[in-house]
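So that you can tell them apart, the chains are marked A, B, C and D in the order they are listed, and the count of residues begins at 1 in each.
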Amino acid sequence: MSNWTRNTKKIGELATGHELTIPVYRFAGTDSNAPRVYIQANVHGAEVQGNAVIFQLMKQLEKLELQGDITLVPLANPLGINQKSGEFTLGRFDPITGVNWNREYQDLTPSLSDWFEAHKHLPTEQFIAAYRQSLLNSCHQQLDSPWGVTTGRRLALSLQLMAHEADIVLDLHTGPKSCKHLYCPEYTRDAAGLFSIPCVLMMPNEFGGAMDEAAFYPWWQLTDYVVSRGMTMTPAVEAYTLELGSQERIDMQDAADDCEGILAFLANRGVIKADIEPKAMARYSCALADYRKFHSPMGGLVEYLAAPGTPLSAGEPLVRILRPDRFGESEQQQTLCLPEDSIPVLHFASASVYQGTELYKVMTKYTRLS
Amino acid sequence: MSNWTRNTKKIGELATGHELTIPVYRFAGTDSNAPRVYIQANVHGAEVQGNAVIFQLMKQLEKLELQGDITLVPLANPLGINQKSGEFTLGRFDPITGVNWNREYQDLTPSLSDWFEAHKHLPTEQFIAAYRQSLLNSCHQQLDSPWGVTTGRRLALSLQLMAHEADIVLDLHTGPKSCKHLYCPEYTRDAAGLFSIPCVLMMPNEFGGAMDEAAFYPWWQLTDYVVSRGMTMTPAVEAYTLELGSQERIDMQDAADDCEGILAFLANRGVIKADIEPKAMARYSCALADYRKFHSPMGGLVEYLAAPGTPLSAGEPLVRILRPDRFGESEQQQTLCLPEDSIPVLHFASASVYQGTELYKVMTKYTRLS
Amino acid sequence: MSNWTRNTKKIGELATGHELTIPVYRFAGTDSNAPRVYIQANVHGAEVQGNAVIFQLMKQLEKLELQGDITLVPLANPLGINQKSGEFTLGRFDPITGVNWNREYQDLTPSLSDWFEAHKHLPTEQFIAAYRQSLLNSCHQQLDSPWGVTTGRRLALSLQLMAHEADIVLDLHTGPKSCKHLYCPEYTRDAAGLFSIPCVLMMPNEFGGAMDEAAFYPWWQLTDYVVSRGMTMTPAVEAYTLELGSQERIDMQDAADDCEGILAFLANRGVIKADIEPKAMARYSCALADYRKFHSPMGGLVEYLAAPGTPLSAGEPLVRILRPDRFGESEQQQTLCLPEDSIPVLHFASASVYQGTELYKVMTKYTRLS
Amino acid sequence: MSNWTRNTKKIGELATGHELTIPVYRFAGTDSNAPRVYIQANVHGAEVQGNAVIFQLMKQLEKLELQGDITLVPLANPLGINQKSGEFTLGRFDPITGVNWNREYQDLTPSLSDWFEAHKHLPTEQFIAAYRQSLLNSCHQQLDSPWGVTTGRRLALSLQLMAHEADIVLDLHTGPKSCKHLYCPEYTRDAAGLFSIPCVLMMPNEFGGAMDEAAFYPWWQLTDYVVSRGMTMTPAVEAYTLELGSQERIDMQDAADDCEGILAFLANRGVIKADIEPKAMARYSCALADYRKFHSPMGGLVEYLAAPGTPLSAGEPLVRILRPDRFGESEQQQTLCLPEDSIPVLHFASASVYQGTELYKVMTKYTRLS
């Protein structure tokens, strides 16, 4: 029986003066040494299923024994979620600038040589706390600039302020038409076997602007630096992006399954006291560099033949391109294949494409995890 | 073994000067007394499946014996089809004006008393030909106005020029997430049993700006007028809108099924010489006035519970609205029902809605057709 | 020194659950027999200048002696105002359906023969009050339908509920690139000389879905009916749309000018006690049927040559179309003219057009008003 | 009297199968040793004025004596130019992905140590030709990838193929509401005094994805490398982005002025044989790092007070933010200033903003150039 509170956090302001706010739920744990968790959903406007998962999670957390604190933020990007264009949600990028909402997070890693010199004398716990504080301070400094920050940056930094307080960060997304997949930093490979997710992309120590990277990168950088100085350290923070199927879909039953996977992970990490086994399933992974995009070599109408999540051999049919303007010619219908064995993970949401539209993203050089 | 030709017809011009063109395929029939047919697809940009059906039809027509001429226009609205917004096709309305592409067709019915007086002496065949010519003349007059016509009107009139040449007009659309359904004028109820389509909306003698209405309305008006003058006449033209499932989907196998249904209809009408029976299936119909829209009483996330095409009793669950901002309150999750028995025909494409978004369209007061 | 209050009225709900609200300011008059006034602005999202005019008006009203009550609603369409697309505001139509926000108002005229029979015995004041009440009742009935109403309809009906309470309704808009112009019902031609507006379109007794029409049409219909029954009556309500220059522009000084014109009108109508003379200026009017659109006969880049508000003789240059794809040909640059004398009132906002884009709206067959 | 030819180059394909093409004009020079020039316009869809400048240039070039070859590409991004959203052109970013069309160019600098080792023996002219060839080869390699390239990348690489053939590259853009300004690499500061442009941003040796950078960066890198090896070299290529005022505007007279400035530059560089003096005007420059963005600290309606191109002291009024929802409170109207002296160069195109919208870009720490 855990207690929770709800607050409303302001993250922006519209042209009419209306405040952009997000709901913030906090579940209190009983053990201040247990890892603290931050979970958010729906930063991309059409990717709503994470809200359903947070909903199911909160239902479970109310009944479970929590050791670590858990902060949950559904509907994390109200501007994106409410941005309709025709019958769909145009919530992948800022409608004014085009900038992807999930590329606005900041790498707040300080100058490591300076910072390390100034703090190396501290005991581990304080050393870590000081580093965490430097990340939070950087957030505040950017938010308080007299030149202001962009709408998307303000949102991102506001979310980072909550994420940097946590030891575990989960960012819930979906693909367009997609099987479930996980972005997992290489240094916590073991987590890949805990979630109810079959496809795993192993992330290198690089920063690309996403929430998970913003959360783990400064710690991974610090760890590498400390190790380079001949000491030992493991990153104090872990962060994951969970891609929970397809966008523009709410499925409460499926959300319960994903909730179960997250609980298995949290139990493993000592956040909740519960005996939850990870789901048995075939899991596959590849390096992020081997997660490849296939772009349409022509414009036309598309029949998607390869099902996300199912391995596909090189040369097997991936899509069929229909060209009704070319009836009677060889171009009227063409079947496209990939040059390598792969597991298709997601495909484009629309059935018509320009030349160059990203048709599929696929795992290549993949291996069986478990 | 029928012959066909392809032409390219210009229907507009872009800002860069590029021509907007459509492909026009003509299959020649052997009997000049057989009905002539006009079929178009994809006037709404996201509704691509009609192109696949035309493709399958042309494959069959190449092998069949044609009596009447058939004109086929896939990709009928290039501006709409190519209008992407995020990962979807924003092709339902003109991006500049918001006008629905399928509300731009014109009612070209002349002043019937004047026209009838001037032509009543003609023998039936010439009487009909003269009326047809007056419709075509009106098209040309509008297109040639010194004040110009809008982009959408030019497209619509250009398509009408081809449609008014025909005795049978089929306009291929899809719903957002939809079962197959047919818009059928009441005076040709028999057609409802010929296509491979389970749900039928019976249309009254009214004009609303759609292609099927533009094609049949002037003839229905004429017929009513002639009958009001004590003579007998049946409308010389029939026109249908076929809604072939969901948008943003190409499925060649399903297209073959719909092709079969259209061929059954064309065989029945004497356009092709073939022995094709209509598919046996339960078919339901209701009056267009009983085809009702249900709008969301609140904003939120939506789980669609009722499957299009399956009867739903009053009070049975239609949708579940999830409100993650209201966790712990009674509004957190609500199930909505309809006040009447219905067959849900289509629902909204996105899983998040504003208050007032059209959630479902349903047939009420429906009857079994066959 | 007049008193005012501000309330916040809910007119919708977003996908995130956030309420769509509008600010409603009420200034109390001292004479309950004086006309009541309703003024709104910014129903089209990009047309912001009306807000500045309401702001200046409220500044003045605070200092003036009010006889009639005045209700003012700036920022009347938050969904439209906040709908950005690139660097502009896409607030002319519902982003989901394409329906123009100013075509959602309802004609709530009851069946006049029935209504008249039931109420003809009433004394004038009660007769008018009863009619007003029937309009309000119809609003409520539509809003309470178990099938719901669309997002735009809900907004429109919510605004109508306030407008139908008033005797004078002003709807503040702007054109794209435009001189100031006024939509004025023919039965109150005198008003055309009171505002600070040079171009006037005289409106017939027809309903087209705009706020001004929704406000005056039921009263004009009633008046005509009463007169047809041999009695005398003048419409109890007057309503105007003021187009205050160009969209995407805030100009506080110009807003003060328009404020002065509105005050001159309100003083004339006995709403405020003040000696404010209408501005001396050349004013021109034409019938709405003679307010014509000129559509581009070709795609291309546009240099707008005719200044809005300045008379243009037939054959004088209107626009120059540049076609950089046709350099060296006669089409490289073309000057377009109109076939009639006119006053150009507004032109398209963008410098590139499709074939069929509405380039200009112009008054033809215009006359000098004063 | 120079000769020219026009070709049509395919740079993509739409969903309907229509080809995306651009017009390519080539004017032949008489001296094969004179610099070759590449000029393009309208990569951002709303920035049309560069087409008018190219048009005026071609008019002049027809009459002038050319020494170097000049390639001109107006309407360089047909997908962007034709992308309308409401009354404006949504042509700043790919409508599917949100990626800015002017951030898709590639840095094709090879590994310099390897490349230098392999080519250092070559005489200067061949050394430069070999380097140029390596850039072109990289373009082709990317375009020919079996995984395809995105729509925007294909466009960018297709344009780069033409640009890398030239010694001088001019990319014609505009700001939103803007005075004229120039992006100039620091190593060719002298050019800043030749164009008819008052504000100049000095660019460092960094790559950000724009055409000018893609053109000069590999040469600047090479030069630095060669110099680091103790030899002398100056970059063989120079490239500039010209921002020719505001978007959504065609002004043929102003285009003639900019044409004159470009001709003065080309005459100075020996591309044309003509005696054209640069226009006398006050010119100011600052480092790109000192070209700063000011973001709105609140949502609201905006009156832009500072005119682009006019110096503004710290503390002088920049914009006034109107908040009609807060009438009677101190927030109802607020005037914002900058903390530093500046020259405002451009401001946002819309009069309503979110919190965080980029209101102005201004030059700080600027100096008088001439």
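Basically, a contact is a pair of C-beta atoms (placed from the backbone, for glycine too) under 8 Å apart; a residue touches a chain by one contact, two chains touch by 3 or more.
Since the model is a prediction, treat every value here as computed from it, not as a measurement.
Undergrad: Just grab the chain with the largest centre-to-centre distance to subunit B, centres being mean Cα coordinates.
TA: Taking each chain's C-alpha mean as its centre, the farthest from subunit B is D.
Undergrad: Name the chain pair with more contacting C-beta pairs, choosing from A-C and A-D.
TA: Ranking A-C and A-D by C-beta contacts puts A-D first.
Undergrad: With residue numbering as the guide, point to the option in A-D, C-D or A-B that repeats B-C in over half of the contact pairs.
TA: Most of the B-C contacts reappear at A-D.
Undergrad: Express in whole angstrom the distance between the two chain centres, defined as the mean CA positions of subunit C and subunit D.
TA: Roughly 42 Å separates the two chain centres.
Undergrad: Could you tell me the distance, in whole angstrom, between the mean C-alpha positions of subunit A and subunit C?
TA: Each chain's C-alpha centroid was found; their separation is 47 Å.
Undergrad: From the mean C-alpha coordinate of subunit A to that of subunit D, what's the distance rounded to whole Å?
TA: Centre-to-centre distance between subunit A and subunit D: 35 Å.
Undergrad: Of all residues in subunit D, which are in touch with two or more distinct other chains?
TA: As it turns out, subunit D has residues touching two or more other chains at 14-18, 75, 81-82, 84-87, 89, 92-93, 96, 301, 325, 352, 354.
Undergrad: Can you list the subunit C residues touching subunit A in their complex?
TA: Those residues of subunit C that touch subunit A are 14-18, 21, 75, 78, 81-87, 89, 95-96.
Undergrad: Which stretch or stretches of subunit D touch subunit C in the complex?
TA: Per the stated touch rule, the residues are 4, 6, 23, 25, 41, 45-46, 48, 51-52, 54-55, 58, 74-75, 81-82, 84-93, 176, 248-252, 301-303, 320, 322, 324-325, 327-328, 332-333, 348-352, 354.
Undergrad: Flag every residue of subunit B that touches subunit C in the complex, lowest number first.
TA: By the definition above, subunit B touches subunit C via 12-18, 20, 79, 92-94, 96-100, 146-154, 292-301, 323, 325-326, 339, 352-358.
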